[in-house]
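Below: a set of structures, written as structure tokens.
The following pair of complexes shares a single chain, chain A, combined with chain B in the former and chain C in the latter.
And now, the complex of A and B:
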């Protein structure tokens, strides 16, 4: 084991080479050197920002700041910042399930969050993230779509969940899932009654009800280095150097909602089990944070 | 006539302000780690975020590079949840493209682009909540972000809107006052030299009143300048304290 001082030197040297590499954008030779360097230092339990391999960055959440949205949340995971705004609109329920509403997520990675994104239509990463969030909503049953129905076959709520990444420093999926949960807890839907004679909907803005959140899914992402080393909550530099990523979504009963491993280097079953164990502890941390924030709003 | 009284008999507006009073301005610089310069501003309920990258090499087509100046590339975008009705197209629609162009023209006038030939400066502005004065909040946020990025400018660019109701010029219109349909002027000013970078007027206004309205907008811009200047000084003070000066 290295001394504290040697670990700090190693960390700053690693940080300097990472900075140099990202400034010069030289992928080939430096990547090889850098990955080798990263592996060596990771084996010694050392990350560029001084975290442990299993340690998360400081997580902060701010709820209800956007008053034009029906529900909003701003989540910061270290430097990664994602804001989620939820707007509720009316729509006709789908023909095949006349008692369900809709939840439509959309993740936007604009050029303002990082210089790696160009202006234009949503890129691969944004679309993949949107699909991931849609899967999490579907699989975890965070909200039952039947709760969004107002009148069978005639009127239902559509919840548009829009995520904007304001600062990209890795681990978007965790931040978006957390923002979704916090924003949904913040949504207040007005009471809607259908007038018997005219058949039109009457909205009572003074009477609002919160959504019924059935489950609380929390995502935990890991970066894999060379089949052996797993680190939790990778930053953008660590994601670039990693050979694979894994994201685990758990809910409070210890049930797995989603295991997302898009290719990359292989992972043994034992390592996957370690990931699941870490995800369980992360769920407790996040749940405590959300409960604290919700309680502080209620007191006001 | 049943309707919203934009200016009451005692001289109060819908949100309780006086005719020449600005909304509360709160701003922070250096909010994001990744960007070269960033700033967040709240003018009343309008929340805007500006991020500056640059100056850096031309991205995309090298042919667009200007041989003697830097290219200023702006993008104005509104969050879909920023308005009362959900906004279907956050950017790329006509209004956003027009505002993008206005921002670009405003900042080309203020940034010393001759110092960075063949390079590009990106200014991205995002509106998180819109409550009137969108363009003005963007310009103010972009000024702070450009200062945070260390890009040299001729002067601050401060913007404010002004309207004209019942023979009284109103400064810093909110959404309700803008939607009422009266004449509105958006003014972007370089305060020290009193030069106008951008002036845009909507609806109809008699030429006798024009000077009054521009005067009200200029005064509002100078008030905003005082606030922004204080924000920059406080930020610099904070940063130098942290650096241990």
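And now, the complex of A and C:
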């Protein structure tokens, strides 16, 4: 324990360092003070909401609440709330691959979830999130697009996955990936047959089949502070103060599906390995949660 | 169709499977209902952490609406303004998914304006000069009477945000069954609304007994029929009022309990 006098010296030294850094890097003084404060408390293993550095917020998932959608899920990661609704429609398969269907994700960050978003067409963050989900679907092969084809070259399913963020408190990518997985597990597609005489599709709404989910990708996001400290599941406040973010997507066989690191401060290989290890444990937690919820629905 | 560069590209055209449903699969006719029967209502205020005020309203039979209020924020010179936005989630409708884009926005703008006109008499805007209040109503699932549910949820959200109001606004939807002599039904379900000959939404401030808004269209019959429908709607609003007040009280108690945990 430091004496009062020594503490005061340390504080004034920190203040001088911050002033020096702000003059050199030309960052706003206030944001540097906040970062400095955050770094200090993180070194003591302390986060503003009292979590450990490697601890996730309470995760809850609610499947199948929207009956107008073919599959739906509501995921809450602490305060961050994302709802995913999937609607299945018919379309012609794309010209370049006539035996595939489509999966079209669309992430919407409306002004209601946070004051940082303006109404209107999707902004940068929403576009980046949509593209991230599209990449996760592609890389993890959660669903093979060939499974969505009904008649080669003529008819295929399109799954429109719409994500709406209801409450933005950081870590949007983890919540969206989890909501995608839960909603896809909930989707029931009606049976379709092609009438040979008329060539039209005939849909039997009474008979439905679930989708064939091959892999279960789970995303884990980290915020990086000054190349040294990594915290898992950042809140909006922590994301703003962080110098970089990393998102790791793993599937159940311990295979890495994607690493998303949009710029930000560098990360050593050892730190990246730590992230991957934490992502593997997180995958087990999430898988257990989803299996529990799906089982509870089946029992009903 | 113009290519939307901001969204992940999908097929140019797609059709809903419902169009190709084998005939004879229509849902069985719902048993006849009493015209003035109200659907069970679940209202909660204060759910979102990032908005100043929020409320969610669910009507039995599948209408779910979420409303959030942000503000008062600083605005240009002038009196206080209330800006309302009405949005439907792409998965909220029973039929085809409406493509997000400018076309869908036009109908929603009309409803947003209707929301604003109905809520403006209830809010004491004179107490917020040079400020603006932004309200967003999001329909997560449309099972009928979505605009009426959005009105009630919006009033709850404004009250939850601590905005000064004269009274809560309660909304009630009605529709008239097709055919001559069709009766007016209170809080129609989605199937009833689709088959209706005329639709009406009334907004009432029950404490002051003043009508805040009225929006109706269709072949309603003679004026007496419309007058009867309005009276039915206003009665419905009066009956919903205690439920909404109780949900506000509950959320205030919950907030007080969180701020000051009770001494055991």
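As a working rule, the second predicted complex is superposed on the first by the 273 of 300 C-alpha atoms of A that agree within 3 Å, B and C clash if a C-alpha of one lies under 4 Å from a C-alpha of the other, contacts with A are read in each partner's own complex, and residues count from 1 in each chain.
Following the convention adopted for this analysis, a contact is a pair of C-beta atoms (placed from the backbone, for glycine too) under 8 Å apart; a residue touches a chain by one contact, two chains touch by 3 or more.
Please read these numbers as outputs of a predicted model, since none were measured by experiment.
> Determine, for the superposed arrangement built on chain A, whether chain B and chain C clash or fit.
Chain B and chain C clash in the superposed model.
> Touch test for A:272: chain B only (first), chain C only (second), both, or neither?
neither
> Which of the two partners, first being chain B and second being chain C, lies in contact with A:68: first, second, both, or neither?
both
> Quick one: classify A:162 as touching chain B (first), chain C (second), both or neither.
In the superposition, A:162 contacts both chain B and chain C.
> Of the two partners chain B and chain C, which one touches more residues belonging to chain A?
Residues of chain A touched, chain B against chain C: more for C.
> Based on the superposed arrangement, let me know which partner A:202 touches: chain B (first), chain C (second), both, or neither?
second
> Is A:294 touching the first partner chain B, the second partner chain C, both, or neither of them?
It touches nothing on chain B or chain C.
> Is A:118 contacted by the first partner chain B, the second partner chain C, both or neither?
first
> Which partner chains sit in contact with A:150 here, chain B, chain C, both or neither? Use first/second/both/neither.
A:150 sits against neither chain B nor chain C.
> Which residues form the common part of the chain A surface touched by chain B and by chain C?
65-69, 72, 79, 81, 83, 85-87, 89, 106, 108, 110-115, 119, 160, 162, 164, 166-169, 236
> Which stretch or stretches of chain A touch chain B in the complex?
Residue list for chain A touching chain B: 65-69, 72, 79, 81, 83, 85-87, 89, 106, 108, 110-115, 118-119, 160, 162, 164, 166-169, 236.
> Which bits of chain A are touching chain C when the two form their complex?
On the chain A side, the touching residues are 65-69, 72, 79, 81, 83, 85-92, 94, 102, 104-106, 108, 110-115, 119, 121-122, 127, 130-131, 134, 158, 160, 162, 164, 166-169, 190, 192, 200-206, 236.
> What residues of chain B sit close enough to touch chain A in their complex?
32-35, 45, 47, 49, 51, 53, 56, 59-60, 75, 77, 79-84, 86, 90, 122, 124, 126, 128-131
> Can you list the chain C residues touching chain A in their complex?
Checking each residue of chain C against chain A gives 6-11, 13-18, 20-22, 25, 47-51, 62, 64, 66, 68, 70, 85, 87, 89-94, 96-97, 100, 134, 136, 138, 140-143.
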